[in-house]
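First chain A sits with chain B, and in the next complex the same chain sits with chain C.
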Partner chain A sequence: MAPIKDRFTIHSKAVVCQDVDLRGEITIGSGTVVHPKATIFAITGPIVIGANCIIEEAVIIINRKKEVMRIGDENLFEIGCRVECPSIGDFNTISTRARVHYTLRLTSYCVIGAGCLVVLPEEEVLEEHTVIYGPASERRVWSGRGHIQELDLRRKHSEYLRETLPKFNRLRRGDGA
Partner chain B sequence: MNFAQPVYYPKADYIETDTGNKVSRRATIAGPQNIILGGKTIISSTAIIRGDLRRTGPGHAVVISLGKYCLISEGCILRPPYKTYRGNFNYYPMKIGDHVHIGANTVVEAAMIGNYVEIGKNCIIGKFTMIKDCAKIADNTVIPPNTVVPALVLFSGSPGQFVENLPESTQELFESQTKQYYNRFQPLEG
Partner chain C sequence: MPASILYHCTCTSVPSSSVIGAPPAPFTAPPPQHPLHAFGFHPLPTLYFCEECDDVSGYYCPNCLFEVPSASVRAEKNRCARNCFLCPQCSNTLSIVSSDPPLNPDNRHPPVINSVGDPPFFLYCNYCRWDSAEAGITFDKPTGLALQLQKTEDSSPDTLEFDRLKEHFEPLIRISHVQPTAITAHTIQTHSHSALSAINAAASSALARDVPGLRRKRVDPNAAKDEYGAYYRSRIDSISGGGEVHAEVEWLKDMAQEEFLLGDVSRLEQRWVGSWVQSLKSIDLKPLRIPLHSKQTKRCPKCRHILIKPEQKSQSTRYKIKLMAANYLPSIDVLLVPPLTAQPSATLSRATGGKAKQSGAAADDANAGQALQQGKTYAFQLAFTNPLYEPIQVRMTVQRPQSKQGKRAPFAVSLPTSSFSISAFAEAWEYDDEEDAEINDDDIEDMLAGRGTDGSLAARDSGKKGASNSTVGVLERKANVTKVGGEVVIGRESDGNVQFNVLVSYTYRADDPTEETGSSAAPKTAVSGGGENKTFSFYIVVDLGTISPAS
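And then the complex of A and B:
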């Protein structure tokens, strides 16, 4: 395998802590917050992360495919989750220590519950508002209630983090800066 | 006092404070000025403690306070819980009592953990959980947000549920267990 070339494009308004493990070709959009100890691995293809995402500590995002892994806007990756989805839409929540395999693609407004393991034998696209929950990774459809409140919380959360994290952590800049 | 084997650690890997706290050099501690350790507390390597996520507002804010004889095992993540209250987003402090053992790779976002609490390995303790004194959480338990775990019970499963009551002697037993563990945790020179 050819050696991985590192190229990071980090938007000037993104907050990426120094203690983050980045590998390969990675683009991080405006307002996205990456906590310390997160790992983003673009092994074969590049990873593009949209705006206002929150990536918490010990999160692992891996792209094992050749094509670009696209992550949309305002997604929340909670502590210690592992994501290999080739595409993720907007406003998704992947909860604490959930693991999602590369066979699943997320659209928008999906929730993967805490500690869920999602490994599918065939490729699948998860429909909007799907919730995967519980130890057996069961599924349900979210009615969309509390959607505005949830969004509001997420906006305030990322706004807070953008303000507070730089006070206590060293930040990382992109190659261009 | 006891015949259990000591647990040795290389001396250079840990920092020992005057009050007997042993903190691994390989633990990630963000915002240490906002963290209080009660003394004789052990923080193992690869643990992550987030003291930087503080409550906004003037003055000094304590984010995480740990009592004495606590153990934070390898790969544990302690981070304070957050919510919006009256339209303002904030992180809220996390208080952990004395004689609390937290197992390896557990994620804790609790608001309060009492004294003599034992939490197993690979648990997920949701936001704003209250764990009362002498409770025990089994390995691999997932406690959903805002749960209250009463005193002297064993919780287990996903979602974490009541399994059984614990005997009243739990406090004495667990106190001697945590003290023993601290005494067994000895440096190895060289």
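And then the complex of A and C:
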């Protein structure tokens, strides 16, 4: 197998800490915050992360497929989660210690609850506004009520992080910057 | 399955005599094959030093931690009267949120978020994202939700029915209270009996109401009268509820033909909380008020002494009075040592001054998870930890396993039968100087005594460290822990669990004359000596694991 070529394209407005484990071809969009101790492995194929995402500590994002793994805007990956979805839309929340298999594709406004293990036997696209919760990973559809407040909260969250993280962590700059 | 020890408590056994003051009948713990066996044995941390349940010490809401006075508990039907609600989907607590602000029509500027929030307010579950707007419940103000929901709750069919039942039964209960004056067990029984018969009459008359479409024999309404000369007729007619029922059946039929979404029908756990028949649809699930939790005190069934009493404040988890069994009974741990072939190395390392625990632990790791094999002899160690501030003398008696159907007993257990002492518990810093001296004595005695085959400790008394037989007998004494070794020989044709009951009795000298002499969890309490030496006995069941069939 060819050795993994590391090529990171990090937007100048993104905040990526020094202690992040990056491998492969990774593109990080504007305003995204990657906390220390996160792991992004683009082993087989490249990963493209959109704008204003928040990737917290101990998150593992792996691309197992040859195709590009696209992650949209305003997503929140909470501490300890493990994500292998080939495509993720906008404004999703993957809660603490959740694990998502690579057969699942997320659209927008989905919520994967804390600790949920989502392993599906076949390829599936999760509809918008789906919420997966509970120890048995049941799902239901969110009505979307309150999404504006949540969007506002997430923006404030990422803004605060972009201000505070550089004060206490060394930043990693992209190859081109 | 790892080896474990459980303690026996008489809480599940029926008292042999109900006369107070009669001496308890001689008691033996049920052997492992007995069906009562499983219920009588508990792990030590769950036992109190006498046991029974009773007495509520206070009610509080688990969400807002508000302490509810017992008087208003009844009025609020055991639920929190403030703004605490349970999500009907996932049973988590609901929070009160405001609706989204209206979107700007051109969508260029981000919408203005009002810090207070815009009405209408609704309940929202953070976990499954259910909100009460789906069930049609919204509020005008974020506070005082209980009041706003009061009206709808009061007019619900089950509340009305309950109120009517109360009105009907109150005079009846008053009448039955007047008749018996002295409260004895007999009258209490008859009282509940009469209340029961009244309830039975109400239930039978409710069943006897007209069901449309069902032709029945005309029941004489006079026959439904009970002895009090009144009968209850339910106001809720089944006819009026018929329309809703039909609609639900139609909905279910449609679902079978069209696409079926599992989330549309509410689960049984979500529906049985309400006392009335609810609609099956998930959309109709309403938020429930949070039921109150209560802190309980426990009393001993024999002497009515308070065993545990929690603090009144709902936030604190401490107890004013706490009589735990673990503070009085020696804690026993069991450790299985691998078969005899590995023993010489273990004893060797022990004799050279290494801690016996280390070798035992290492060997155990290698054997972890292995089942017991037929035809082999296993050694096991019981470590007794003394929680008292006095040294105790412990004696063990094994209850022989019964042989069933004429077969030989599946295994034979040998334990030291003489009593051995366990030192008192003292703080860690007090042991530092003593330890070195103790280990040296141990080594010397080990080497002097050699590894003889004499297993009995009858000749050796407490105070001397005996290690004559390396497996059976007192193995080690350290601080307030004494390790005793035993052996179990597993027969060639046996199978099943290696479980046996052991009667442990321990004696200690009580200096304090005001110590309680109440009965313990143990069936026997013998006060030996002149009131100064106390003896307690209890049964434990030692489970060493399952016998695996020989490969």
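Heads up, the rule we're going with is that the second predicted complex is superposed on the first by the 177 of 177 C-alpha atoms of A that agree within 3 Å, B and C clash if a C-alpha of one lies under 4 Å from a C-alpha of the other, contacts with A are read in each partner's own complex, and residues count from 1 in each chain.
Here is the rule we use: a residue touches a chain if its C-beta (ideal position, glycine included) is under 8 Å from a C-beta of that chain, and two chains touch if they have at least 3 such contacts.
Nothing here was measured: the structure is a model prediction, and the numbers come from that model.
Contacts of A:R173 after superposition on the shared chain: neither chain B nor chain C is touched. In the overlay built on the shared chain, the residue A:R97 is in contact with chain B alone; chain C does not reach it. Touch criterion met: A:G134 reaches chain B and chain C at once.
With both structures placed on the common chain, the touch criterion links A:Y160 to chain B but leaves chain C unconnected.
With both structures placed on the common chain, the touch criterion links A:K13 to neither chain B nor chain C. Residue by residue along chain A, chain B and chain C are tallied for touches, and B comes out ahead. When the shared chain is aligned, chain C comes close enough to touch A:R145, but chain B does not. Common to the chain B and chain C contact sets on chain A are residues 134, 152. Those residues of chain B whose C-beta lies close enough to touch chain A in the complex are 28, 30-31, 48, 50-54, 56, 77, 79, 82-84, 88-91, 107, 109, 124, 126, 142, 144, 157-159. Of all residues in chain C, those touching chain A in their complex are 89-90, 97-101, 103, 110-111, 113, 122, 124, 127-131, 133-134, 263. Those residues of chain A whose C-beta lies close enough to touch chain C in the complex are 111, 113, 131, 133-134, 138-143, 145-149, 152, 155.
Across the complex, chain A meets chain B through its residues 19, 36-37, 56-58, 79-80, 96-97, 114-115, 134-135, 152-153, 156-157, 159-160, 164-165, 167-169.
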